[in-house]
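Listed below are the structures to be examined.
You will see two complexes here that share chain A, one where it goes with chain B and one where it goes with chain C.
Now for the complex of A and B:
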């Protein structure tokens, strides 16, 4: 399998008045062609900043301070503004969590989708772009596409808007789709529909997906490989079966245990003690040690990422010899 | 959209009824003789009258009838724009207002673009370059304009442009141009001298009228920029943090379009109200600026009327302002609907 995207030692820091927040600190992972890679973690762990770093859209005062992002063999961090603009929306697309606020309220859905074509292919006439937008709106399962294209975001339901956003993201047939919590704001039934739609379109358009979520059940359902993020680091990465069957890192373990299950009777759902430390006050060494029930003396030093079985990496002293 | 405008037009008479009633109600604070002055058609009617005859006039115009009857009688006169005789202007109030309005309108038309568009433009540049030297410079520049009283800055402009450079004189026309305009050959199509000058083929007159507009326009622009700039800037900064802006960038929209297409249209919605009020302010006449530049518009007329306690004229101008405000608000509401699709269906 060929790697489509490889993130190497990515560091994205936020330079705040109170200090430097290491939102993404030395993160490495890769995504194969045609693969769905799930990135999972609690809110504030750096998932979204990782995604925005790949797009090179980290908001100020955030800055990418180190690492490489290799996409189709080229380092995105060395691209000029114009080269990067050309990649955004054409080769790498992104869909966001809140379909309510992500679509521009004063332009019609059709306009916003057609615009995504025209900014990359100026030779395409507006009428043709509009036709393609209508076609795509139909494709993502919105009934009455010709009329819907003329409507404004506020006239649509959340599920419809998310479909419209998927249409917008896929219109230029991108190689990589970054989906940042795409179903979090939706009802569970709509969630299932959107997931199914994404999987189907991924097959049809032969794209890879970086799927970011805090919901392990979604990850289990759709992804091939999984990265678990905590405190700006990827603490465990592997294929979906080894992560779910043989979780190694105490954090992954805790996450899986805090999922409600039908096959085990529990009085009370497990929860990981404590909460994610703030960006500015990560502990020295392993960042999870304060919440970890297996922490010991070595944890004051930063653990290395080790390969425990083929393709299954973990960053924890329990597994380093 | 048409339905929206129609609905707005249907409310219009109700608002106007309310506004006129308010003016009429305020009139009741005057004594009947003072009120009488708003009814009579010429000063001759009042002169050499004894107290007895005054009673007759009060009777004649029904000023002792029930309030509601008086109101509707008066409303009929207002609708005919029959507002009494102005002692200050030595002509009927209607003629006094109508003869000054073209001057104010001309100034307003030429000032709107630099004032509103200039302020918005500065606001956007400021927001896009937030906290950079350019932003700081623009803001300092604008705050100075905002803090300067208009009579100080106006006189400064007059002094520099006319006194020192001799380029842009006060008034509305030079004497020679005034003579041409007053001559029977010169046809007044619109009352706007720039336009009429061009229509009459007298480009020298049009140019002269334009030269007289420069001073007031510079004064108004500088004084009002800060206001519109600040609203544009903060609105723009807020919009630039919205997720649909990130989305637009993520889709590969060039930065220029992100700002001028995706951000600007949203940011201008709150600016619209302020800009609309400014246009209304310009149309209602700008008292101090008109006075400094000796510009014969409505603003100066209103100031004189107030100084001389010319009740009919004050009332007439009040009603004129009220109508202007109501109509202006209607236009602003329609513009809202044009910019923001969410307004249309409410």
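Now for the complex of A and C:
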């Protein structure tokens, strides 16, 4: 399979007055063509910053300080501002967590979707762009598309807005769709519909998806390969079956255990002790060691990423000789 | 169109805003129909006040001069009718251009931030360091007499408020997710500023502009009153009061003998400003985003 996107040793640091926050520190992973890659982790572990780094939209005072992002054979970090603007929305697009505030309140959704076309294809007439927007609105399952296109975001529910956002992201047929917790703000039934929609459209448009979430059940359902992030690092990568059947890293293990399950009877749900350390005060060595019940002397040194079985990598001293 | 009708409907609901609207409309009608209400004596130069004679002393209202004549026998009624045109011209021009400059400067400053913001805001501070009236007066004196010079001076020292206002809104609006989303579909900075953020932040500017219509006209009148504004004999309310200067105290034993020389122009200015302020207040209430949310179409 061909790799569409390869992130190599990406480092995105935030330069704050209190010090340097290493939000993404030496992260490497790749996404194959036509694949859904799930990125999981708790809040504040660097998932969103990774996504924004790929888009080159890291907010100040954050900066990409090292690494490579190879997309279709070219390093995105070497692109100029204008080249990058051309890629955004045309080859890579993104949908966000909060559908309620992500659309501009003063324009109709048809306008915003049509604009996404015209921005990249100025030769397309507005009427044509509008027609395509209406078509796309229908595609994402919004009933009555012609009338809905003229409606404003405040007239729509969260699920509808997220559908509109998906329409906007897919209208230019991008190669990669970055979905940053697209279902987190939606209720469960709508979540399932949105997931199904994304899977269907992914097939139809032959796009790859980088799916960011903290919800393991979603990952299990839709992704092919999974990366587990903790404290700005990817601690375990593998295909979805090996991660769920044979989790290696104690953090992945903890995450899986803290998921409610129907096939096991438990009195109380497991939870990983402690919380994610602040960006500014990661412990030396393994960043998970303070919360890890298997920590031992070696953990004070930074563990290497090792391949335990084919395509299944883990960054933990338990598995390196 | 619905929007305009809705705003109008709300304007008419409230008595004070209704009054403001009536006053402003009244002046607008006076300005539009000035040639009918007070036919000019010199059609080529309608703003030139007609003289009723050569005597210095003002004369009281008479059938020929319904509001009387002021110093130098200039007709007060004519001055007020054509002065309405002057007032609208000065008000609209100064407010529109200073708002335009302020919005562009403030938007760029707020959106880009960093050192661009720093430089622009320090320049703004320098402009704000001068007292408005004094600065406008000095600039008008340097540029020379004439209404256009007054307007230039008022614009040159009137844009900073708008710049600060819009910068503040931009600082918060640029963090909104819809801005990030627009960036993520590849919209250029220019379009994000003027197409995406500006429509969301323009309301305070509209309110500020409608509120400052009155004060701009007052300041222009003040400049004319001080003798650096409109040229001699020009139909301008400030000028009219300026002619009344020597007659405000009246004659010995008859303090209010020349009341018409200052009551008519002074009252007109007060009424005009009152009208705009009431309207501005009403517009602020109507455009308040918190009140707008409640509305269901």
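Going forward, the second predicted complex is superposed on the first by the 321 of 321 C-alpha atoms of A that agree within 3 Å, B and C clash if a C-alpha of one lies under 4 Å from a C-alpha of the other, contacts with A are read in each partner's own complex, and residues count from 1 in each chain.
By definition in this document, contacts are C-beta pairs under 8 Å (C-beta built on N, C-alpha and C of every residue); 3 or more make two chains touch, one makes a residue touch a chain.
Computed from a predicted structure; not experimentally measured.
> Return fit or clash for chain B versus chain C, each positioned on chain A through the superposition.
With chain A as the common anchor, chain B and chain C collide in the superposed model.
> Considering only touches as defined above, state whether A:101 meets chain B (first), chain C (second), both or neither.
both
> Touch test for A:162: chain B only (first), chain C only (second), both, or neither?
It touches nothing on chain B or chain C.
> So, A:315: does it touch chain B (first), chain C (second), both, or neither?
Neither partner.
> For A:48, decide between first (touching chain B), second (touching chain C), both and neither.
A:48: touches no partner chain.
> Based on the superposed arrangement, let me know which partner A:191 touches: chain B (first), chain C (second), both, or neither?
In the superposition, A:191 touches no partner, neither chain B nor chain C.
> Once the structures are superposed on A, label A:115 by its partner contacts, choosing first (chain B), second (chain C), both or neither.
both
> Tell me the contact category for A:213 with respect to chain B and chain C: first, second, both or neither.
neither
> Taking the stated contact definition, name every residue in chain A that is touched by chain B in one complex and by chain C in the other, in rising order.
Common to the two interfaces on chain A: residues 55, 57, 85-90, 93-94, 96, 98, 101-107, 115-116, 119-120, 154-155, 165, 168-169.
> Give every residue of chain A touching chain B within the complex, in rising order.
52, 55, 57, 59, 81, 85-90, 93-94, 96, 98, 101-108, 115-116, 119-120, 152, 154-155, 165, 168-169
> For chain C, which residues are in contact with chain A within the complex?
Listed in rising order, the residues of chain C that touch chain A are 113, 176-178, 180-188, 191, 196, 199-200, 293, 297.
> Show me the residue ranges of chain A that touch chain C in the complex, using the header's touch definition.
55, 57, 60, 85-90, 93-94, 96, 98, 101-107, 115-116, 119-120, 154-155, 165, 168-169
> Please name which positions on chain B make contact with chain A in the complex.
Touch list, chain B to chain A: 242-244, 246-255, 257, 262, 265-266, 339-342, 345.
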